[in-house]
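The same chain A turns up in both complexes below, where it pairs with chain B and then with chain C.
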Partner chain A sequence: MVTETSLLVTLPFLAALAAAAAPRAAATLGMAATLANAGFAALLARALLADGARETSLGGWEAPLGITLRADGLAALMIGMTALVGSAVALQAMGRPAPGRPAPAGGFWPLWLATLGAMNALFLSDDLFNLYVTFEILGLSAVGLTALTGSRRALRAAFDYLSAGLAGSLLLLLGVALAYAEAGRVDLAAVPALVETMRGRIALALVLAGLAVKAALFPLHFWMPAAHANAAPPASALLSALVVKTALYVALRLSLEGGAGIAPARAALAVAGSGAMLWGAWNALRAERLKLLVAHSTVAQIGLIALALGVAGNPADSTLWQAAALLMLSHALAKAAMFLAAGRIAEELGHDRISGLNRTELRPGAAEFAFAIAAVSLIGLPPTAGFVGKWVLIEGLIAREAWIWVALVMTGTVLSAAYLSRVVSRCLRGGPHVAPGARRPAWHMGDVAALGLAVGALALGLASALPFALLETTLT
Partner chain B sequence: MTPDLIYPAAGAGLIGLALWRLATCGDTLRRIMALNVLAVGIAMLMLAAGRETLMLAAGRETSTLAAGRDTLTRAAGQDTPQTAGAGFLQAAADPVPQAFVLTGIVVLVAVTAALMALAERLGARDGD
Partner chain C sequence: MSPVVLFDAALALGVLGCAALALTLRDRTGTVAAFMLTGLLVALSWLRLGAPDVALAEAAIGAGLTGALFLRGARRLGPLRARPPAPAQAAAAALGAAVLSAALLWAFATAPAESLYPPRVAAALEDSGVSNPVTAVLLNFRAWDTLLEIAVLVVALLLVMTLSPPRVIPDKLGALVQPFARIVVPVAVLVAGHLLWQGAEAPGGAFQAGAVLAGAGLALVLGGVRVDRRVLRRALTALALAGLAVFTLAALASQAVTGALLGYPDGQAKAWIIAIEGALTLSIAATLCLLFTGYGRRSAR
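Right, the complex of A and B next:
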């Protein structure tokens, strides 16, 4: 039976094949498929809000022999996030390059569509082995996106990314093997049984370790800043906003399925998350290139989300896990906007050194504006989505009097304000720094996409009832 | 030493060696080899785990085995699942870990090919 659920998986893969077979029509095909995907995502969310979670068995084969796709509120939220960010990035990739810049490489569309299909399949997966397979598809296509520019540094970063990703996947696979040996099944409903025994807990810990490599969680983030900073701007936006989120999503999913019973694993997540916040912020403060600063900020933000996952506790008696989901959503929108804006700024300037941002001959344009709004959301100032996420998190922490975690979240927030203002303050300067005849950068499709995403992050804070309504349908 | 011990021990040993090499070696080709050894070690552990579930199945049978046995029973047109099931359990190893290993091999070949292509491009850049 064809439903939105199965179309969300099959359509992007078919479109990826078509785009690879017909490179001339790739952009048109890719844009059409991206928009159709967004339509299906909206339909799925509407259907879920009306009737609750649903399951689809592919080909009529029931679990455990077949593959089941399960769509619930959390999955629909992530699919919606992917569709929204993907549409904006695709819009940017459709736009013609600025004069004097090389045309974007032709491989973008098949790789992006395969990434989209893999992410949708991952969000809908209901068993651990299927998660492993979708992670591999995602890893291969995301590495292709990293290497797209073909520069030496991008190739090196892609190699390190792929080998780290493969090592992470193999740890995940080892965890799946042990889980099967213990429970005799690999669907997510087996997680509560796994928590009960030592071998099951080791299996889950291995799965979490593999996820930590894939999510670039400190101290396993070594591959990530180079990969995200050296890719082309649309690819960086996709990798940083969406691809690292998939591993965090699986960690959240495991926790919701009953994996929250492993206290040491949760403590490890929270501690690694705190370390990531501090380490990422420290490197972002010292970064010399704009894209590297944004990439290190991703390390710090991943840490914040991991901390939220770690302290969330049992989802049955606390809503802290919703803070983690909302932080993922707001980070996706803001970080994609930020990478697109950083790409546009570098395009206008001809370089992306932070010290060279306050220039006299060029006025700040739409890209700088988008960067500033995205920064506001990442720091967590009202009324952005980042603010709502942090509010729910800190409110929950205060309610249980976990002052150390409150202090850590606050420290992370202050540090993010510090490193982001390195960029924003340079863009805000007027007066003697801008010559009277300074030209304005021309409008470009990339500005529209970046601004749209940044405004989306802002508006989501005001309309955060919708994501919460979707999340409420997850546990029923 | 029994096979029940040899397979997991060899698998764990290979995994340890591969992780050590992966962490200490910067050379692209050696790292690709280390990743392959890691995958082989994990495959051995999975096959060992398959043996174990089979032995456990006598007392606590897995849902997959039950489903497979039911299918066989229906195919044979028999009404008594116990007798057909016992024959099935004795005749066949648990197929699920083997399917996992096969999928893992396919994935590994694809990723190794991508890694080799990247390493080759990198080598060409270094040669310039």
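Right, the complex of A and C next:
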């Protein structure tokens, strides 16, 4: 019998092929496949909550000879996140053909569907080499999404992205090769053995360095702001909300598998994360363009998630890592909403300079509203999902009396409030700033998608019991 | 010193020397030539390391087709403008590379000589349907990796479709090209078929066969076959996309039959593997050809 797990990892690829073969029907096919994928993601989550986590040996060959797909709560949560954000972004892309030049009809859809398939495969993978292959698909399809507008800047950013991604892949592959040489196996169950020896630790360090490049973790984030700021809005939303999360997810997996032995790597993550939080915030404060601000805020938020991963401690005796997972989820929703909203704002204004956001002849619209809600979630104000994630994190840190980390998280929060209010304060214009006959922006599919995601981030804060229940579903 | 050791030493020096040339030459064509030579020497090294499968793939794809793609790109880029890196940058890069190399050298030199994986493969080889362990791993034990790798190729093709670099219409190369193609193409088709069939029990398989077939395709392109005809291009695209479709549908079909994704029914594994590999060979060849010729509306000479 064909299971939802296997449909999650095969259907998007089949849909990508169909969309590439029939460009005229690409949007319909793509939307249908994205929605079907969301349905399977929901079915998987429901099945897991009912029957617990499950493993599937592909081809009937058990690891370490073969490859295992592991569907546990964390994987299901990430797949659900991808399905949700993907559906909203697909809705936006449906509304209008990708902006820019008359690109080959439907160029967006095959790339997005391949990205979706690769992400599902990555979240379910339980094997280092298999993870590397999924990263290869993701790396290429994400470069395609960056370059989709065909503008000179986008092409340049895409090329830098490709180079950085390849460097990351090479480090990752070197690490996997060394892990294979050391342990004779590449499934994730080899990680506890790897942390025991020096060679194994070098292998894991290489893997983590490759992941850091792919996650745009400070100080290896250099390629990211330009790539995310110059892509088309739906592509930016996918890249910033989802694709960078994949590397963080794998880092979290390694941390969960490695237990106490992987503590030095966690410490490195925490330090790099703090640096990212401060550096990203500083650049977001100085950014002149809206999309660049949002992109730099991704650097900062990635930093916060890495910090949470790093300080979570040994997962055997602390559930603090769940805060990191929830922060990933809330950032995905809020950041996708923000990029879609920023795209709509730029479309209405004709530019995306922050200094020119408050124009007197244009009233704020739904996009500004969505941006503001997303900002509330990113800053971490109640009742949003961002708040719940930060609350769990800070509560855990206070219980451990780790005051330095508490102070760092607080500083990051204040800074994010500062740079986001540069935009939000201008969105709240009204009264004397708006001329009497000011135009109201027309409604657009992009507004619906952005609002939906932003409201989702808000609602998730109220319904955060569900993700936590899902995260409790582990194999052991 | 025995001649074998001398040969190996020369090979190692040759790889390093060619790689250094590829990095330092100031002429794009020369750089690509050095790169291709490096690839061939690396292929020889694989042979010396007892990995003929990898050697075949490296020679056909790593050196041959990648080189052809580089040459195609180099013609569009114009002359190389050297921008020497800042001394601080160069020093940092050198330091990083040295530390990484030293760590890797130590790690691989002291790594356990016996790997635990090959015995596992050998123990299960009988049930895999093929007797070449490499094919058993690629198409059975870890077929899921291979499926995703085919997806990587498809995404590469999607990128070329989306970014649509100008199509290549090669210059007339002279009187000998067509006679050359007349000999080489049929031979390449035969070799590809042989590699595909032989993959079940000896080095070979879909990737190598596909690369050889693609080489035949490129010989045809250089010999003047116009790939910009719409029908031909559509057919090639369909063929290129069909590989992943067949593989994915076969995976689902196998699950419907046996209950395990990519689990072939008992006793029929070889038939499934050969069928999948056949589709992959054609698809890989079509993909590599299309990557070279491109999709753009404009054309370049």
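Definition applied: the second predicted complex is superposed on the first by the 462 of 476 C-alpha atoms of A that agree within 3 Å, B and C clash if a C-alpha of one lies under 4 Å from a C-alpha of the other, contacts with A are read in each partner's own complex, and residues count from 1 in each chain.
The rule is simple: contacts are C-beta pairs under 8 Å (C-beta built on N, C-alpha and C of every residue); 3 or more make two chains touch, one makes a residue touch a chain.
All figures in this text were calculated on a predicted structure; none of them were measured in a lab.
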item	value
Which of chain B and chain C A:L173 touches, first, second, both or neither	first
Which superposed partner A:E136 touches (first chain B, second chain C, both, neither)	both
First (chain B), second (chain C), both or neither touched by A:G117	second
Partner chain(s) touched by A:R363 [first = chain B, second = chain C, both, neither]	neither
Chain A: partner with more touched residues, chain B or chain C	C
Touched partner set for A:R152, first chain B, second chain C, both or neither	first
Partner chain in contact with A:S163 - chain B first, chain C second, else both or neither	first
Which superposed partner A:L14 touches (first chain B, second chain C, both, neither)	second
Set of chain A residues, in rising order, touched by both chain B and chain C	64-65, 129, 133, 136, 140, 143-144, 147, 150, 155, 174, 178, 180-181, 184-185
Complex contacts: residues of chain A adjacent to chain B	64-65, 129, 133, 136, 139-140, 143-144, 147, 150, 152, 155-156, 158-159, 162-163, 166-167, 169-170, 173-174, 176-178, 180-181, 184-185
Chain C - residues contacting chain A, complex	103-104, 107-108, 110-112, 115-117, 120-121, 124, 140-145, 148-149, 151-152, 154-156, 158-159, 161-164, 237-238, 241, 244-245, 248-249, 251-252, 255-256, 258-264, 295
Touching residues on chain A, where the partner in the complex is chain C	1-3, 6, 10, 13-14, 16-17, 20-21, 56-61, 64-67, 69, 103-104, 107, 110-111, 114, 117-118, 121, 129-130, 133-134, 136-137, 140-141, 143-144, 147-148, 150, 155, 174, 178, 180-185, 198-199, 202-203
Partner chain A, residues of chain B touching it in the complex	15, 19, 22, 28, 31-32, 35, 38-39, 42, 45-46, 49-50, 52-53, 56, 60-65, 67-68, 96-97, 100, 103-104, 107, 110-111, 114-115, 118-119, 121-122, 125
